[in-house]
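Shared between the two complexes below is chain A, which has chain B as its partner in the first and chain C in the second.
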Partner chain A sequence: MNLGGGTSALKGAAAPLNPREPIDWIGYLFVAFFAAPFLIFNVGPVFFGAYVAFTEWSIIGSPRWVGIQNFDDAVSDEWVWVAFRNIFFYAIIIVPGVTVLGLFFALFVNRSYPLAGLARTLFFAPNVVSATVIGLVWVWMLDTQFGLVNNLISTVGIPKIPWLTSTDWALVGVSIASIWWDFGLAFVLILAALQDIPRDLTEAATVDGAGPLNRLRFVILPHLRPVLSMVITLQLISTLRIFSQVYVMTNGGPAGSSSSPIHYIYTVAIVRNLYGYASALAISLFVVILCVTIVQRFVIRETL
Partner chain B sequence: MHRWFERRGMRAGDVAVWIIGMIVALLWAAPFFWMVSTSFKFPADVMTETIEWIPRRFTFDNYIKIFDFPIVRWTINSLVQAIVSTSICVICGAMAGFALAQLRFPGRATIFLIFLASIMIPVEVSVIPMLLAFIKIGWASTYQALILPTIANVFSVYIFRQFFLNFPKELVEAARMDGAGAFRLFFLVALPLARAPMIAAAVIVFTLNWNNFLWPLLVVFDESMKTMPVGIARFAPVVGTHTQLEGYSVAMAGVTVLSIPSLLLFFFLQRYFIQGISHGSIKQ
Partner chain C sequence: MTADSSIESSSGRTDISRRRMLKGTAATAIGLSAPFLGPSRALAADPIEIVHWSWLAASDGEIWAQMIDNFNEAHKDKGVQIKMELVPEEQYVTKVLAATATGRAPDFGWGTAGKGAALARDGVTVPLDDVISEVGLDIGDFDPKAISAARYPKYDNKVFMIPMDLMSLQPEINLDHVAEAGLDPSSPPSTGEELIEWGLAMTRRDGDTVTRSGILMTGSGVQPTVTWGIVAEQMGFRRASDDLSTAAVNPAAGIAAMEWVLALFDTHRVSTRDVTDRYKAFGTGGGSIFWTGPWTLNGYVGQGLNFMTSNFPNIGGELRTYFEMGGLELYKQQDAGRYAATLDAVKWLSDNSFLWTTIGRGASPRLSILERPDYKTAGHPWSVRGAFVDGMEFATIPEIPVVAGPEFTIYSGGNFLARTLEGVWAGSKTPAEAMDALQERWQAGLDQG
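So, the complex of A and B:
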């Protein structure tokens, strides 16, 4: 499950310290149980990685300081560019796909028709299974000869598409599976925001003669701005980090056409045993993710 | 029928939208149905030109064939990893969340901010150097390697802090009046009342652990130490080989087994999943 767990929330800060009340020194001990593994395993490796990125290091042997050599290599590495170009296309397909479908299905479930609860369950269910399930099920669904998808589209006369075996389609095939997997989070977040819209507001708009489209445009969408912005940010970050479904479904192929930066980093570290280079690539990806997130937040604030 | 819709305030347009929406919802679940259906088919019945939703002939053979792999061992590994990691994460998260919300000490706001800010760092950045470190100290393919890096999930702290911020002040004050120390306050007063965030944190963190892919894939080199998702990923039929012919039925049996725990947890504790997720990330 890819919850992202992202949040910009700082709601309800704890009450300020009252100087006359005694300090609970034991609070530090309470926090320490969590902070210790946090510092060692969440924060530590980032700094260690920043060091490794400037070395040449493999499983056997000791590190050799090489300065910015790894970053230099990255710029002239053709496969790095392929991987980054690919996540650009992944993002273009998956982020709007997830956001738009999430919005539509949330609007539908929010109408509280009969069986709306069942629909909600079905829509969210793919989000709780692992990448292996998603990957293998969709490899079978998208099988060129006998897959369910090609079977269905050929009944309406569309020729069979080599979803995962051609360089033109592999990225699209993986994206379809990713949308099915990731969609639940966007859906649940948008649905929660919809349920926070006061009923009076939409009813007043109806009384004033606003049709469904105008209600959506002038009442509902303005209320959804914050949540849509958050959904887009979360989905964008998680798409830039796409790996597991790529690994299971196509292993980056054919000919690198569906690879992603994390997939390439995996190959560099595990197959080629270049840990310094892999760390440099990971840090570059982190910087790219940060930049994209900042730019995208800015763009959304200006346009949405 | 007409009346039935009218009583629910549904007009013709609503009925059309409802029918289309429910069809889409069922289609959305079709891949799961197809997965289970394929897993009960004979290999010869899998690759067919016509869609066979319900198998003509049922077989359990595929569920027996998955035992050609060390699937029992993988299941044990996955359970040990997920249960140990989740328990520690929930307890430590509850303590930290409680302290950050209810205990008074300097720097608690800053500490919480640091926890939150760390969410911006994708795990993928730290995973390669961490792998190198684990290999160097000889911990590759061990339980501690599977468990330790997954303990500090900030989501757990967040959800407990949110809960304890709204915890009744009177209860805390009364306990303090009685001379209860922080530990007694936490274990005897606060924790027993924190059932909802506890279940939410537990099911969500457990599912994340059960499904975790990248780290176990990297750190385990030994077939017998693999977790379920990593082991079963290898069931993918290889194009152009013999496995492609009978592979899908066995592969679908494997992923059906793999998806059962998380789907069951979700179906029965749906409320906690959905509330936990929307509270965990939405409330600004």
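So, the complex of A and C:
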């Protein structure tokens, strides 16, 4: 095998820069159009937010250093615990819901049934609509008295469910809308991975006598492991940051039963103007997301 | 060749020096971000553009936009124009704070009396006493109650707002439901017992399920919170003592009021928790009696809803209802010379607020407007507007004018009060537990000042 070209290229890349050779600043200029706003509007606020978390600040005037008081307040704030408990339940409902539905519909479309192309578009369509629109539509769909969902289930004798107005159901109602909104992306990712599985493998399994379930279990799912890991990770992070649907559909109620950490942070910052406390909550959420993601990646590597 | 100059590279391209690149990047960034740094304002001196922020987005917003148009039309040859920008109500204070911190605050905007103590403390809103004298605004023509509500006792007792409308919560009653139930619309309920009787007569049920609320409520949010607030104050509860030193005075009355609200759902069953949008529910016949404010009139009259308005009944022994005053605040400017021109514009809007207080919302705080012979005949019919004007007499439940005031307000769906009470409505907290939590948080708020 001739590696000449490759090694010379590597040599060139590894060669030390001549300090006398002028730097091509135009490259940095191109990068600056992205990097400058990113540093100013993303990285800068992150560091400033971390600083504000240890202060009391109301935008006007300088932040007043209060140490870990905001974190201390967060620990004793019952609504913080309610919000974090809720995302645990959101994650339990939404992440499997999105993953299983995405997988199911991807398997369906991958069979190339008639109108599979149309189905592919329809399944992905909710994902391109804004969360606000999705929320408003589902408020109507899940209305207890006049909603389409309750009218449908009442035709089979099931009593009307207070999807958005009961402490027992509000979280479920928001989760249903979230699954419908989110599963399109999972569907597309899984479908792309399905189409990468060599047909020879499934055909060989069929020849060896494997039925559809065994083909799914022993051939398809192992090949989907990387994409399923990614889907679960992305969906978990997305669910931990759930906000728009909660804000539009229930505003966190009733009695905080559907609130989420981001929704609570929004309330604390924008409605109550407690920016230091809100920043402390945001930092706490960041730590939680980081820990959950690390644990989840480890668990998936071990089990899938 | 200096380090600052361009370098011709071996490829023939012109390389850019570090300093030139940084200069170019900075200039580009500033150029791109300049339009977003604050409310747009004409830099030219002529005509003066006064920037106004408003959060009025309901049907009353249309009338307010008309008021601004009227001002601009009347001043088109006088070198002054108002530029109105709509800002969502929930984000309003945050945006005002951010704009003020960067020296780009709007000249004036809408505020609610008693809710701006933090803005007054931080110097975001401008005390108006001196400017009022300068532009010749006749304070004596305002209802004394309105001027009193525009002051913050903890901040030199200065006037921080020009009152534009006085509002109260009064019951709107669906007349089709009244006729259907055989009730007499000329004798609307005036006591708690009569209210329940009317509610029972107009409630519709399917088995045990309330399908039409005789008394329109929601299971969470503003409606049960404000109902509790009014009934509790009628029963003798006070969120804060008159000297703003003690929170939750007479807690037993507050607890009794929570039980009264719960009884609407669970004992009398004249209300359902299943209503998600109270405005829409009343507009579509999903409820019969709905206490709300005058900001709803324009919408309901416009859609042709057959309804009347009556005075809030005396449920707890002392006739009172929620008081709210809308007004215009001036925000801190780098050029203090703008205050007089801005207040001059606000004075014009106040002087010409007949339209606003006959079709827009509320009762007029201006005595000269209230005394006009056509005040009761202009605008929306008196049958729907009258209670909101006459009812101001007993609209005596104000905001608590302290920095933590938003935590006390009874007209809220998301503050500490509302969230605490939601636990009671949902059955996860007892009224006594809720009262303890309120007392603790409110006392801390009062202690904060």
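Brief remarks on what is shown
Heads up, the rule we're going with is that the second predicted complex is superposed on the first by the 276 of 304 C-alpha atoms of A that agree within 3 Å, B and C clash if a C-alpha of one lies under 4 Å from a C-alpha of the other, contacts with A are read in each partner's own complex, and residues count from 1 in each chain.
To be clear about the criterion, contacts are C-beta pairs under 8 Å (C-beta built on N, C-alpha and C of every residue); 3 or more make two chains touch, one makes a residue touch a chain.
Small disclaimer: the values here were computed from a predicted structure and weren't measured.
The superposition on chain A brings chain B into a clash with chain C. In the superposed pair of complexes, A:Ala255 makes contact with chain C only, with no contact to chain B. Look at A:Val227: by the touch rule set out above, it reaches chain B but stays clear of chain C. Of the two partner chains, chain B is the only one that A:Gly27 touches; chain C does not reach it. Once the two complexes are laid over each other on the shared chain, residue contacts for A:Val128 go to chain B alone; chain C is not touched. Of the two partner chains placed around the shared chain by superposition, neither chain B nor chain C is touched by A:Gly211.
Once the two complexes are laid over each other on the shared chain, residue contacts for A:Pro96 go to neither chain B nor chain C. By the touch criterion defined above, A:Pro162 lies against chain C but remains apart from chain B after alignment on the C-alpha atoms of chain A. In the superposed pair of complexes, A:Pro198 makes contact with neither chain B nor chain C. Set side by side, chain B and chain C differ in how many residues of chain A they touch, and the one touching more is B. In the superposed model, A:Ala269 makes contact with both chain B and chain C.
Under the contact criterion defined above, the residues of chain A that touch both chain B in one complex and chain C in the other are 22-26, 28, 33, 37, 40, 59, 139, 143, 145, 165, 269-270.
Those residues of chain A that touch chain C in the complex are listed here as 22-26, 28-29, 32-33, 36-37, 40, 58-61, 79, 139, 143-145, 160, 162, 164-167, 251-257, 267, 269-273.
Across the complex, chain C meets chain A through its residues 7, 9, 13, 15-18, 21, 24-25, 28-29, 90-91, 93-94, 97-98, 100-101, 118, 122-124, 209, 211, 218-221, 272-277, 286, 406-407, 413-415, 419, 422-423, 425-429. Those residues of chain B whose C-beta lies close enough to touch chain A in the complex are 8, 10, 14, 17-18, 21-22, 24-26, 28-32, 34-35, 38, 46-51, 88, 91-93, 95-96, 98-106, 108-109, 111, 113, 115-116, 118-122, 124-133, 135, 148-149, 151-158, 162, 165-166, 181-183, 186, 204, 207-208, 210-214, 217-218, 228-230, 232-233, 235-237, 239, 248, 251-252, 254-255, 258-259, 262-263, 265-267, 270, 273-274, 277-278, 280-284.
Interface residues of chain A, counted against chain B in their complex, comprise 1, 3-14, 17-18, 21-28, 30-31, 33-35, 37-38, 40-46, 48-49, 52, 57, 59, 105, 108-109, 111, 113-115, 118-126, 128-133, 135-141, 143, 145-146, 148, 151-152, 165, 180, 185, 188-189, 191-193, 226-227, 230, 234, 237, 241, 243-244, 247-249, 262, 265-266, 269-270, 275, 278-279, 282-283, 285-286, 289-290, 293.
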